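Please go over the structures that come below.
You will see two complexes here that share chain A, one where it goes with chain B and one where it goes with chain C.
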Partner chain A sequence: MTTIGTEPSAQTVAALVEILGPFNKTGAELKPGTRFTEDLNFDSLVVMEFVAVVEDTFDISVPLNILPDVATIRDLAAAVDEIVAESKS
Partner chain B sequence: MAELLDRFAPLMGQRDALFGDGGANPFQVKMDQVLSQTEAMIGNRRTILVGTNNYLGLTFAPEALQAAHDALDACGTGTTGSRVANGTYSGHADLEKTLATFFGKEHAMVFSTGFLANLGILSTLMGPEDFILMDADCHASIYDGVRGSSAQIIRFKHNDAADLDKRLARLADKPGNKLIVIEGIYSMLGDKAQLADIVAVKKKHANTYLLSDEAHSLGVLGRYGRGLPEEVGCEDDVDFIVGTFSKSVGTVGGFCVSNHPQFDTLRLVCRAYVFTASLPPSVVASAIANLKAVQKGGALRARLMRNAKHLHTGLSALGLKIASDVSPVVAVVAPDVQTAVTFWRGLIEAGVYVNLALPPATPFGYSLLRASLCAAHTEEQLEEVIAIFAKVASDIGLITPAKTKRTAVG
Partner chain C sequence: MQQSVAASVVPPSLVPTPTDTPNFTKRLANFDTLPAALDYAAKSETGFTFYSGRGVIEAVLPFRDLRDRAVDAALRLAGAGLKPGDRVALLAATTPEFLVLFFACQYVGVIPVPMPLPTAFGRREAYIEQIKGQMVSSGARMVFGPAEFLPLVREAAAATTLQFIGALDDVAAWTQSGADLHAAGTNDLSYIQYSSGSTRFPTGVMVTHAALMANSHAMNRYGVSNGPGQRATSWLPFFHDMGLVGFMLGALTSQTSVDYLATEDFARRPLTWLKIVSDNGSTVSYAPSFGYELCARRVATMSEGSLGLDLSKWRIAGIGGEMIKPNVMQAFAAAFKPYGFSEKAFCASYGLAECVLAVSFAGTNKGMVLDHVDKAGLEDHRAVAVSEAAPDARTFVSCGKIIPGHRVEIRGEGGEILGERQVGRVFVDGPSVMSGYFNDAAATEGALKDGWLDTGDLGYWIGDELVIVGRAKDMMIVNGRNVWPQDIEWTVEHIDGLRSGDSAAIVLVGNDGAEKPTVLVQCRLSDVSERNKLAAEVRTKIQEASGIQCDIILVPARSLPKTTSGKLARGRAKTMFMAGEIPRLDIAS
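Now for the complex of A and B:
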């Protein structure tokens, strides 16, 4: 998990934005730089629920270890891209 | 400049919103006098305790009391040292031998609490190339334990063996070891692990181990009280059992037992074992005495289960929603946090103590009135508890009064 910070694919960002909809209680604009804690008020419980939906959507396992390094939608999308790529290799 | 703990302001705000009016507050419950395993004075009120995890009622077992007194007089109030320094007395070695014999395992290691056992074992067992697959509903001590591990941590859906299987299959080409972590009985709702299915999944995958936390099932399940693996008949398939003495064993302390040939390595590398003071001799002596009582506790287990059925049936008959099937944990689901708080206050003010369990500590965001049974509860006490639940639930409009006109159950 070293690629957080690299630019993710637009499709992954779009997919995350779509599944984030029901989790967006603050009405913040959902763009790559949107921050889960500061902009969306995610607490640990919501993070866990959301990660479970991400895992189902992309059919992947997201290790809990990466979560402290995931601040924005862009970070998460980059991590998802890497996990998906790894699972196909 | 932010104050030191400002980041917890939202949580403190929630607490103040729920309890800031000065009414009864679960964070301030104080047992002023312990009357028995099942009753205490809270303030001036005699209160029936239905939320202590004291499943077999062994906290006042005469053999354990005598053993503790003897050890206290002989060895003093504490060891003042770690197990690897001056803190291993013959009692600690005897307790580990008793545990190994109890479980029929080669090795046993005693920690100072169950929380520390999970911290120590889970942060140490798996290395950087390895994977831990944990049930999503695992206890906080398991979450904290795996956070200290260098392995990759993956959650699987609660009690979903197919989801676990899928996640293990994704790791099939990874050379590292895999550790599945579950609980025998999950503490909040009292539901059991789907152990047979999980063992079947474990056997499909190479280099895969299974650890079960039997905190709430030790002494409760199995003919000899060895927990869910004994009940299901798969003890050889559970590689590590972690547990606590603070529930059915009636004292405090944690442990891990295993047949793994390298187990003793953990005594050198488990930091939660190496760098903390060992259990006081009186606690060790009462744990040894009560483990023997647990093993011979078939009659206590039968009473516990009868009591569990009594309370589960009685509360269900009122029209209350119970989170799981009959279990020593009977968790009543309230519709929301505020109702749960009001309900809990009504109960405590009427002389019934249960645990108030709120999200995020609960699955599904449930707000729970969590009761746990004791073998020492009498039928009269449970009838009184059910009657008080009926009155409070009716007073706050959670059930219709008609439903409170119930006939005897049990």
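Now for the complex of A and C:
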């Protein structure tokens, strides 16, 4: 299980905010607490398109089973940090 | 392994299964049961090949190996005490393990129930609710799935009486039963499919071996003209009829190789779908309109011809699963023409899980046959042909002729049989029609009338070709997913300040045929900024619960019509709103 809820690195958050730019159709402010569903109106197709960009950016594979627990940019950044750490170990 | 270093980059075991088997005659689903079909397929060299999102082969499962592994697991399931008729739920990931377990069940008469995977951000509760509903409704004794999803299953199963939750690997350690395999009868149940029904009241379609074979035979022989040289590619999920039957059972029962891409990998990298079609010379592949749309959108950002694809062998680019959007399909054809794609390959079809999968096919080498009709006439149940340029033209796509051995009637509101270009409800009769919904007499009675299946769809005839214009029942179809208005309204009416009967979830259709899910919400607030807040909250709550984006329209209190028994008259609410009889409250700031 990923440790969602732990504080992610500021770099990861910044990188996510940058790649989220083109996906931000609602004009919501992009900060750690921004919610994908509620604030950015992501539906399941957009989620997958965005995940593909995240995977390419960080050169990781994002497992499907973490999606239900990822609500905010902070959650996703924490998950990315963990996946990156695991792939190096 | 040392050999593979010296040999080739691709280990010999990871070569796609061949398209044809020398000296082997394809049989097009003319078997009594699924085990008999797999026993025959095991004599061929064909099978299933699994690709990653980057288009690399991850696993190869020839039908021969599938049979051996399924029989082995079957005896272990029986050894664990599963009896013919017991249900086992399977998280339907696009993996060899799902297929091994699905067929293991077949060999011991156990009924598999494919369940969906989670695909959205932050929807844990909604997903758990969904699979819990299916496990309870089917009375499953065991659940199997990929290890990483099992914590979610355990949470969903907390209040159920499941005997076992685990992965295929767990089964390998079980002791085999000393008994023989179970020989299913052709009229026995083969599997249960939850593809319709609401989240709170799931309805499982019961599919017998006979119904499956009848539909698979018709589909292979008449729908896609299967035979030597035919090969399929699919990214459709195994928990939907088009993926499960069209590109798994239908292919296996006619010994046809299929190349798979997991649905989530397709959504991440849609062009991998086309790369596999190109690399392996696939002749048949299907998708709902939105699958073609994703590809066209992705390729629009690239320079023409830069992909290096050869789509010239793609003989049947099937379209099904939701209302067909002709403009989207035309955009796809234009974008991929430089790669040899022919718009003649488009094959529109119509079907539903209650009829196993297929009801009608447009046929091969025809392309989309468009019909332009007058919008006002449609509201009067008539499909009056007009020119494409007419100001109020709606464009539909013919779904072709009914599969042989089946009958379709289009009936009026009084049950009378309608003639050409009259719009009514579509009823189907024939060997593919389900025997009913599992353990749900009321829902079965609602769907089957004197043996005829009420599809809940509206359509009309042009000669002997069927055209579907929409849903008579209230179900909403969004990006290929069935969404029940009752589920959306239930969510809305649990928001503070709203009550039961305050909302109507409907689908409005634009002139281009695009469907927009819309919710009318009765609002008692006079302050515009408060109204704005309410609309935003409704939109968010629906997103969270159902994962779809709806237009929210606030209407005055007591403006939504009710039936005599006090229930929401949803259909009438829609008609009245479209006619301007229900005013829209101002929410602009």
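In this section, the second predicted complex is superposed on the first by the 89 of 89 C-alpha atoms of A that agree within 3 Å, B and C clash if a C-alpha of one lies under 4 Å from a C-alpha of the other, contacts with A are read in each partner's own complex, and residues count from 1 in each chain.
What we mean here is this: a residue touches a chain if its C-beta (ideal position, glycine included) is under 8 Å from a C-beta of that chain, and two chains touch if they have at least 3 such contacts.
Predicted model only: the values in this text are computed from it and were never measured.
*Asks:* Check chain A with both chain B and chain C modelled on it and let me know: fit or clash.
*Replies:* Clash - chain B and chain C, as placed by superposing on chain A, overlap.
*Asks:* Between chain B and chain C, point out the one touching more chain A residues.
*Replies:* Touched residues of chain A are more numerous for C.
*Asks:* What is the contact status of A:Phe36 with respect to chain B (first) and chain C (second): first, second, both, or neither?
*Replies:* So A:Phe36 only meets chain C here.
*Asks:* In the superposed arrangement, does A:Ser9 touch chain B (first), chain C (second), both or neither?
*Replies:* neither
*Asks:* I'd like to know which partner A:Thr26 touches here: chain B for first, chain C for second, both or neither.
*Replies:* The answer is neither, since A:Thr26 touches no partner chain.
*Asks:* Let me test your reading of the model: by the given contact rule, A:Val70 touches which partner, first (chain B), second (chain C), both or neither?
*Replies:* In the superposition, A:Val70 touches chain C alone.
*Asks:* Is A:Ser87 touching anything from chain B or chain C once the two structures are fitted on A? First, second, both or neither.
*Replies:* first
*Asks:* For A:Leu45, using the defined touch cut-off, is the partner it touches chain B, chain C, both, or neither? Pick first, second, both or neither.
*Replies:* both
*Asks:* Chain C has the stretches 62-70, 440-448 or 530-538; which one runs into chain B?
*Replies:* 62-70
*Asks:* Quick check on my understanding: which residues of chain A belong to both its chain B contact set and its chain C contact set?
*Replies:* In chain A, positions 43-45, 48, 51-52, 63-65 sit in both the chain B and chain C interfaces.
*Asks:* Inside the complex, what are the residues of chain B that reach chain A?
*Replies:* 10, 136, 146-147, 152-155, 157, 167, 170-171, 359-360, 365
*Asks:* If we count contacts the way the header does, which residues on chain A are in touch with chain C in the complex?
*Replies:* Chain A reaches chain C through residues 1, 35-38, 41-45, 47-49, 51-52, 55, 63-65, 67-72, 75-76.
*Asks:* In the complex formed with chain B, which residues of chain A make contact?
*Replies:* 43-45, 48, 51-52, 60-65, 87
*Asks:* Would you tell me which residues of chain C are touching chain A in their complex?
*Replies:* Per the touch definition, chain C meets chain A at residues 53, 117-124, 127, 146, 148-149, 151-152, 264, 267-269, 290, 294, 479, 539-540, 543-544, 547-549.
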